[in-house]
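The letters A, B and C name the chains in turn, as written, and every chain counts its residues from 1.
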Amino acid sequence: MEYLVQQLINGIQLGTVYALIALGYTMVYGIIRLINFAHADIFMIGVYTALFTATAYRIPFPLVILISMAVCAVLGVTIEKLAYKPLRHKPKLSALITALGVSLFLENFCALPFVFGPDPRSFPELIPIKAYTWERYNLTVTNIFLINLLVVAVLLLGLFYMVHYTMIGKKMRAVSYDKITTSQMGINVDRIISFTFLVGTALAGASGVLYGLTYASAQSPYMGIWPGWKAFIAAVIGGIGNIPGAVVGSYLMGISEVYATSVSSDLGFGIAFAILILVLIVRPTGLLGKKTYEKV
Amino acid sequence: MRRFNIKRHITFLCLLLAYVIVIAIYRVGLLSSYLAQMLMLVGINIIMTVSLGMINGFTGQFSIGHGGFMAVGAYTSAFFTTIIFQLMGGEPPGKTVWGYALFFTAILIGGGFAAITGFLIGLPTLRLKGDYLAIVTMAFGEVIRTIIRVSEPLGGPRGVSGIPAMTNITIVFLSTVGSVWLMRNFLASTYGRASRAIRDNEIAAEIMGVNTTRQKTLVFTIAALFAGYSGGLYAHILQFLHPDDFTFMKSLDYLIYLYIGGANSISGAITGAVIFTIIPELFRGFQMWRMVLYSILLVAVMIFRPNGIIGEREFWFIQQRKAGTQA
Amino acid sequence: MGERWSLMKKFLIGVVVFLLVISSPTFVAAQKAKEIRIGGIFPMTGGSATFGKSSKEGMQIAVDEFNNKGGIAIAGSKLLIKAIYDDTAGQPLQAVNVCRKQIDQDRVVAIVGEVMSKNSLAIAPICQSKGIVMISPASTNPQVTQKGDYIFRVCFLDSFQGIVMARYVYDNLKLKKAAILYDNANDYNKGLASFFAEEFKRLGGQIVSSEAFTDEEKTVDFKAQLTTIKANKPEFLYLPNYYAASALITKQARELGLNVPAGGGDGWDSPRLAEIGGKDVEGGVFSNHFSKDDPSPKVQGFVKKYRGKYNSDPDALASLAYDAAFILLSAIEKAGSLKGADIRDALKTMKFDGVTGKISFDQNRNPVKSAVILQIKNGKQQYIVTVSP
């Protein structure tokens, strides 16, 4: 029994990792209906930025997160201005291919030897990892796990509040309903979109730092691909564009992936996709998604 | 008396000429087998891209699982050639007539299996729209890959090696021409019109009497057939198959070829496939900068020609005969 | 009509450009051999990148040594050697592609490669069918040389390596219960795991848990499997994987409270292991081909040369690649010919006293060599003992 509970804890940890990435994906999609393939790679840049600032300059943890978020936010807005904006009124597929191109560019550019190089690196222990064991039931969690949970909770509440209870959130929602009418109402749509990217990619940066803490390594500039896709699927399962949905989907995926892996690792690999298919067939817009573009 | 109007046959003659030139160069030895392989890959990619274009461009759906069908065709045909032939002769068939006949059967069976897979997948998923459809097709592609990966008889995570090299330029050439011809005819027919109606406005099409579900599934199945067939060709060039070769990255590759070239035209699909199969090889000289340049090129083309290089117009040999005219 | 012609013009231009491009220098077949070209196929990017880098560096030292002597005499004239290196990114498909390119395009006369067994297994059939000699410096899976008589290797086999470790754990460390966590997508890991398990059980030990994950390049989270393993209370953790994954696994094991000794095979040989694993891999033991602390003059001579050229210490991969390239070039010299069949025949009977031990090939073209056991102390490799077959 404790074994199952420990696996549950592992699943929650995995789900938290996905949730952090999924939040950013879903935010951007909610506003401009673009699957930003480059999101996962911005996440990767967040990891490396944190790695370098922490090792080179011995900067304390909270500052490292802020720096990563800032770098990623700047990067995100730049990408938006350069690559996505020109295609805003063009067929959606073109924007998608562009996103793909940006993603490939980031990965391969960072893999160049004089940038990050393709080798795995160790991520410095910004916060010494401590394992807490509950002897009676033989369960172990680490302090990082708790920190991650805390951050997700804070982000979830914060985003939710921002989208539904602030002025700018209202503008964001308006833009997601109908760009043209919104701009006619005097709202600067460009600014709102840029702001969304800023927040979304800053989130990616933060999730990068936490990922680095959790796994203590940066595998390679291609490290974003798989977590990114899994997080994206999680967001879709929850209903893409829906903030709580992204979190729900992520935990569902994380937990089932862990349980499936404990049965067979190949099963774990494929289970994410199987769940996705099942969910979408039953609920074509995701678990919490609605036909209208409202974020619950 | 009907005169021999050369214009009617000019397509055929040009193709024949191209074929003769290529074979001549090959025989003379100027064309290394590396280049020959590249040309064959171009042909295969053309078939893949045009078939993807049937779904994405002409019917307006959004499928990112095409690599999965290719995998099904590739593995099925490889399975046949290696196992069945070994049962019969103890060793893979040589380049005899008998060998080729079996080979051809194998890849057709591969295509058939792929078509069945396409049908089974299409039925439940085609009622989804847009991005959701995309995700599900991608998921199915990965599910197919995982199934292959855990199947020991299919080589599992090790892959399958020792597949006989039965594909050659002639076969690829004929296959490419044949496939494009078939697909183009399909799209020029009333079926093609139904597809385009769905693409332009699904609800209106439904009202006008188009059975959208049936049409979409039909297109999906046919496209899968061609994808599986070209997968079979692919397997017998590479002589080696590995499940990691058929991830969603492969599907994304064909997506890129299609949209860069122009999703709404066959010529676009062909152009995209040709150019973007060759470019990474051209860039090999750039070593590590290869993919960086490739990605920059991708973004640049998309920004400056969002509808693809070719856009909507078709090459002269694809264009439909307009009703009422002779030429 | 005008529109059609302009489209056709574009098409024709495209064809002309295409033909021009084909005939450009990038594509024209290599000039006649004014040099001896050998290929080096290694994973220079990806999760085994340090292996590729080391292998390339080791091989290059051997090539330089021969070139400094003026090259090799073929048919009367002395030709210099040129090594052509290509990256496989650790993937079998890329390996196949670059192998073809090297044989067809670059016209190499022999190939040193690959490092990872799964990639060697992929390219061996190609080399065999084209009659090109292939020497793998570090692929330890037995099946590699079974692909044909043009395929050689200079390292010991996993069947040996697994036994070495099993005996060390059982006899020296006196631990009787082991658990294994391995990559089941990779023949190297799988093979090593099963050889270890077989011998360990034969000695009287118990494999309490054997878990797998799929594809170490893609897996970062091993907690699910480790939790299962922990529940079975092992005394030793055998991780026959490459360094990046092994480091992560040990870290996560410690995070789960699993603090038993850990160890693995030659995949652990990389400075990155300690870098990524930190204090969690401290005390880890693994079997390897070579230790730079070996006092023999041959080893120390090589270490000095390597340090001089690259400013760092050589690892097993570098020394194996050196031995592989050296013995290959010696065979070419002995054969006096660039033909695959001649090189192969010369190689079969060669004896060589290499940096990684005495190398001569048995009838399966595998060498009979000893292994060393190394331990991680203070983040560095420390030599423990040599085990002979």
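As a working rule, contacts are C-beta pairs under 8 Å (C-beta built on N, C-alpha and C of every residue); 3 or more make two chains touch, one makes a residue touch a chain.
It should be emphasised that the depicted structure is a prediction, and the values quoted were computed from it without experimental measurement.
Peer 1: Name the shape of the chain contact graph, picking from line, ring, star, complete and other.
Peer 2: Looks like everything touches everything, fully connected.
Peer 1: Quick check: more C-beta contact pairs at B-C or at A-C?
Peer 2: Taking the two pairs in turn, the one with more contacts turns out to be A-C.
Peer 1: In whole angstrom, what separates the CA-based centres of subunit A and subunit B?
Peer 2: It comes to 34 Å between the two C-alpha centres.
Peer 1: With chain centres defined as C-alpha means, what is the inter-centre distance between subunit A and subunit C in Å?
Peer 2: 36
Peer 1: Which positions in subunit C are in touch with at least two other chains?
Peer 2: 184, 214
Peer 1: At which residue positions does subunit B touch at least two other chains?
Peer 2: Counting only residues that touch two or more other chains, subunit B contributes 149.
Peer 1: Subunit A: which residues touch two or more other chains?
Peer 2: Expected reply: 111, 266, 269.
Peer 1: Inside the complex, what are the residues of subunit B that reach subunit C?
Peer 2: Answer in residue numbers: 32-35, 37, 149, 157-159, 161-162, 238-240, 242, 244-245, 278, 282, 284-285, 313, 315-316, 319.
Peer 1: Across the complex, what residues on subunit B touch subunit A?
Peer 2: Per the touch definition, subunit B meets subunit A at residues 56, 62, 124-125, 127-129, 131-132, 134-136, 139-140, 142-143, 146-147, 149-150, 248, 252, 255-256, 259-260, 263, 288-292, 294-296, 298-299, 302-303, 306-307.
Peer 1: Along subunit A, where are the residues that touch subunit B in the complex?
Peer 2: Interface residues on the subunit A side: 29, 33, 35, 83, 86-87, 90-91, 93-98, 100-105, 107-109, 111-113, 229, 232-233, 236, 240, 266, 269-270, 273-274, 276-277, 280-281, 284-286.
Peer 1: In the complex, go through subunit A and note every residue touching subunit C.
Peer 2: Subunit A residues touching subunit C: 3, 6-7, 10-11, 13-14, 17, 111, 118-122, 125, 129, 131, 133, 140, 142, 215-217, 219-220, 226-227, 258-259, 261-262, 264-266, 268-269.
Peer 1: Which residues, counting only subunit C, touch subunit A once they are in their complex?
Peer 2: Its residues touching subunit A are 44-47, 49-50, 184, 211-214, 217-218, 220-221, 223-225, 227-228, 231, 244, 247-248, 251, 254-257, 272, 275-278.
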